[in-house]
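Common to both upcoming complexes is chain A, partnered first by chain B, then by chain C.
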Partner chain A sequence: MSPVLGPTPAGAQPRDGGRERSALEASIDAIRAEGLTVEFTSRRGTRRQTLRAVDGVDLTLHQGETLALVGESGCGKSTLVRTIFGLNPIAAGQVSVFGQDVATATPRQRLAMRRRIQMVFQDPFSSLNPHLTAHEIIAEPLRINRVYSRERVTELFEQVGLTRDSFGKRPAEFSGGQRQRIGIARALALDPDVLVLDEPVSALDVSVQAQVLNLLADLQERLGLSYLFIAHDLSVIRHIATRVAVMQRGRIVELGTRDAVFTAPAHPYTSLLLGSVPVPDPHRRPAALATSPS
Partner chain B sequence: MTDQPNEVNPPRAESLMPGDERNAPSPMPGGMVGLMPDKPQKSYSQGQLVRRRFFRHKGAMVALVVLVFITLLAFTSIGIGPIPGWWGKNYTSTGSAIDGGRPTLGWFTIGEHPFGQDTVGRDFFARTMRGTQISLIIAFVVGIGSTIIGTVVGSIAGYFRGIIEAILMRLTDLLIIIPLLVLAAVISARAGGSGIWALALVLAAVTWTSLARLVRGEVLSLREREFVSAARAIGTHPARILFRHILPNTIGVIIVSTTFSISAAILLESSLSFLGFGVRPPDVSLGLLISEYQNAFTVRPWLFWFPGMFILAIALCVSFIGDGLRDAFDPRQNRKGD
Partner chain C sequence: MAQLLEVENLRVGYTEGDREIAVVEDVSFTLAEGESLCIVGESGSGKSVTALAVLGLLPRPLEVIGGSIRLRGRELRGAPEKELRAIRGKDVAMVFQDPMSSLNPVRRVGDQIGRAILAHRPRTPRAQVRAQVEEILVRVGIAEPRERMRSYPHEWSGGMRQRAVIGMAMANDPAVLLADEPTTALDVTVQAQVVQVLADQRAATGAAMVMITHDLGLVAQIADRVAVMYAGRFVETGTVWDVFDDPRHPYTRGLLDSLLTAQNLGARAYAIPGSPPSVHGRPDGCPFAPRCGSPLRTDACAEGRPTLELLTPGHAAACTPLTAMVDA
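What follows is the complex of A and B.
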């Protein structure tokens, strides 16, 4: 993968799906959030309480890049993702997917949007229906959009490194890494342009994490995908991200290229996150950590 | 991974071949190897898999054979409706009780009245068979009917939430707080005399409540699972999500509840018959036979034992079959039945 630190040059997206993007299309941002604010109101009796889960977020996902979104649990990462998928009401600001405003999209436009932006879930044990075979799980999006063909399913299987003889098996017969591959294949079924990956490797053990991350990097290269990669594991992000956004209490507190964020964190929260990464080699630990009482 | 030099092009782990994950910890106890390309796994459709696993379940198979035998015996021996059976006597004609109505069933002989005769000389085998017929019909109509109602109500309430859930669940609560026996008695008295089918439907209409709550609970937990979100994310229609992604995962609960409700229906019917609201003489059911002859227990115990044995046998068989079905439908079961 060549270093991509910004918008992909127009027309530089070979796709095996055969859909060529026009130069104009390629210059549109995949996801653009401007001043996005999402609020939840809870009512207890007559008292109303408003929680601002996402607070004026400006975020852009360029085509072909991997934008990592980091932050502790409860900082609004998932809310942001759900809002992009049109599942939360927007209090202020706007979010658009390929130039299409999510809030004002008609059902038809929303369906078209869903084909371009797909999601890979965190837990491969609960994101696959245990009653369906691998083939059925991957065929599901194709069937719903009436574009099912056995060849396409085989192709998807091969893209994620599974073989045909696992067609008839159920999720319980796969390992965690294999299940996540099935989840990725399902997300790829409708030939999307953007994958939103919600901590796709945090449920896997480390050796399998590397395999899945490599698979993701490989797919990005081959299919010209853009990734919005949500994670709390900074070592994973260092492995895959082109840009990093750090989120805290509903706000983006730092946004920059991977190298900038990792080598010269501007915000104290980012330094805190970086400092909390466990380093296996004691000689390479930051001095502040090595001397701190544990 | 934190040790990696901070360069733009990250080093790759050795290989992307799927075979690399063969050594990954397998969630299956059998340790079946997942993706050996040289040894293709035979795969079965869901139906085949369930059938094979069910036929491998010894208890369930024995129970199925016994239940089929009882059913065939009950329906062919004295016939049903206008169709005559092979047993010469019917369950209503009286006669003189031979030898105090003692059963003539021996180890190798059947005799004139294998299950004996009651106080007015009616052939007790014929009566037991008629009672078994009625009880089987009621049990299965109630079991299936209440399962359908309970599943529909519970899954709609659990899936759509909101006002629909509120209405359906308050209706369920309303049915639960009224004593079942009283409710069934009143309705069946109203529907009175229109036969066992009406009685069975009445019982089904008042016994679906517990299943509705169980299914609602299951659906509530399943609809938050990620595979349902995944289905939503690809634009699946709610009906398809419900029928394809949620309900198949509740099948275990539904089957267990159905087997319970089949056994419970037999008992509920006997209570009603005892109170005079259920099956009415001269027709009989197993429950009615027991309650009718409970006073004869000390002098003519066979009048109690034979129908009791049949109730026990039917209830046990249904439970075992339910057990086998639940295991067969469980997707986490690794056994393929070979």
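What follows is the complex of A and C.
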């Protein structure tokens, strides 16, 4: 048994005991942003320009759900995520993680918060240290938190469908899908409650995407995770999301259940997004794309 | 229809010691005037290498080690560089995935398009080049072209840059346009616009196109014919209707089944098990055999390499059990 961190009474919490939380705790939102505004200031000579990257965002991630955040590059998705992790100064509004205000958290509270919310990155080629073995990559967060055990690493390997014999391999020896599994295992190492998934399958081959999506669905069910799922691929979102938030120019322009957003989009931008996805059926080809004179 | 581009038994690879490693094997296709062929496949399947081989632009150590590439009957394989330069951009033009890497960051966009014109018509007067650049920018939907042509690439958005690159590719009215994932790096709404620009340009000039992509949605929207590529080979070829309505190769079926559509909402996604083989680890027999879930699969699949055989006129697949059924 690994030591338990923090001011918990010794032996009171087995590793997975964190899951058995009180009813009060269960009713707290995993992430809650209210009127969240993030600004960046740049200087051009003596002139100051302010860019409002996130503009009055209200967004809640309930426990156990998958909230998809859709929007195009530059819409503020990544800024929003960085702010949730406490990496950007907040200009107005607030964001809290499990009821703890990110801006006012003490360093100790912040550390505790960061164990409960973890990130999976888009590109499994650049988010893993190429010099480390798979075992070392997954062991790293455990070692930092002084809870390392070989059994835990094995368990994490198995959870994401990797076998023990790949312990000693380095990232370059894995396929894209396997690398993303390593990234997921690393995120799960500290037994978090929330995963923020930033385009987790968009760098993967089509035939491998489905494998990773199924793995994420299994893990959510088995571990009771909540997902904030950032993506631009609407077919992926439609498959995995409970609710969908559409972001444009720093604002949430539409928020609703998956079915509501996909079948009856209320905002013109959502309709534009949905209409832009090419349908994989040659019988439903838009007339405007016809080119052959025949 | 006359065949414009004919690629026959193309083999591309490199030598490692005295061993020859093939990246693309036995690839054959023809392209008629005005036709659009989509080559679909996953990363590492050899799609891009096939396109680069046509233009004689293979990066070292890759080289064409077998087969033939003919443009209007003229052999391009082994043609002198001077001849290839005359063809590139004029008869066959290419659009790459990332517009930022195909534009020179320190030259104005207008100048770069102008150079594409001057490369093949060196004596064009400057005023005429400028007028043509402006016209090209209008055609690809850039507003205020006269001011915009003075911008540098970094001042443009990704979608605008890709429009400029398409405009540049179309500047000399090529008969064949090779497009390698031209929309992959773009946002979905911009993707749709760029696909439209490509379609409009082809409608206006009658250019044939080979589009390389992994996006089956895009294929369904623009292809006349489709070639599905796996581990360096074509495993299925046919019209877009053949391939989408009646996919025969287990890999093609797997790809189409793993599409996330409104029909399989909430259910588990179908996933092809395993992952594509690396260039070094391609199996001796059918390259898809280790992942194949087809009931037709036999032990023999792991042995002989299947070749593309016609199942119905115009529709072929490289799958030994399928061929056996047709022959029987």
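Here is the rule we go by: the second predicted complex is superposed on the first by the 264 of 294 C-alpha atoms of A that agree within 3 Å, B and C clash if a C-alpha of one lies under 4 Å from a C-alpha of the other, contacts with A are read in each partner's own complex, and residues count from 1 in each chain.
Rule of thumb we're sticking to: contacts are C-beta pairs under 8 Å (C-beta built on N, C-alpha and C of every residue); 3 or more make two chains touch, one makes a residue touch a chain.
Model, not experiment: these values are computed from the prediction.
*Asks:* Touching A:P200 in the superposition: chain B (first), chain C (second), both, neither?
*Replies:* Neither partner.
*Asks:* Using the touch definition from the top, say if A:H232 reaches chain B (first), chain C (second), both or neither.
*Replies:* Touch partner of A:H232: chain C, not chain B.
*Asks:* Could you tell me if A:Q211 is touching chain B, chain C, both of them or neither one (first, second, both, neither)?
*Replies:* So A:Q211 meets both chain B and chain C here.
*Asks:* Between chain B and chain C, whom does A:D123 touch in the aligned arrangement: first, second, both, or neither?
*Replies:* After superposing on A, A:D123 lies in contact with chain B but is clear of chain C.
*Asks:* Touching A:L272, do we find chain B (first), chain C (second), both, or neither?
*Replies:* Once the two structures are laid over each other on A, A:L272 reaches chain C alone.
*Asks:* What is the contact status of A:E72 with respect to chain B (first) and chain C (second): first, second, both, or neither?
*Replies:* second
*Asks:* By the touch definition at the top of the document, which applies to A:P282: first (chain B), second (chain C), both, or neither?
*Replies:* second
*Asks:* Counting residues of chain A touched by each partner, does chain B or chain C come out ahead?
*Replies:* Partner with more touched residues of chain A: B.
*Asks:* With the two complexes superposed on chain A, say which partner A:P192 touches: chain B (first), chain C (second), both, or neither.
*Replies:* In the superposition, A:P192 touches no partner, neither chain B nor chain C.
*Asks:* Tell me which partner A:R170 touches in the superposition: chain B (first), chain C (second), both or neither.
*Replies:* first
*Asks:* Both chain B and chain C touch chain A; at which residues?
*Replies:* Common interface on chain A, chain B vs chain C: 175-178, 205-208, 210-211, 213-214, 217, 234-236, 238-239, 262, 277-281, 284.
*Asks:* Which residues, counting only chain A, touch chain B once they are in their complex?
*Replies:* These residues of chain A touch chain B: 1-3, 85, 111, 114, 118-119, 121-123, 126-133, 140-141, 144-145, 161-163, 165-178, 181, 183, 186, 189-190, 205-208, 210-211, 213-215, 217-218, 234-236, 238-240, 258-259, 262-263, 277-281, 284.
*Asks:* Can you name the residues of chain B that touch chain A in the complex?
*Replies:* Residues in contact with chain A: 1-4, 6, 8-10, 12-13, 16-18, 20-21, 24-28, 32, 34-35, 37, 40-41, 43-46, 225-227, 229-231, 233-237, 240, 244-245, 248-249, 331-332, 334.
*Asks:* Which residues of chain A touch chain C in the complex?
*Replies:* 72-73, 175-178, 205-211, 213-214, 217, 232-236, 238-239, 262, 272-273, 275-282, 284-286, 288-294
*Asks:* Note which residues of chain C are touching chain A in the complex, please.
*Replies:* 34-36, 42-43, 158, 187-192, 195-196, 199, 202-203, 206, 214-224, 240-241, 244-245, 254-256, 258-262, 264-266, 268-273, 275-276, 278
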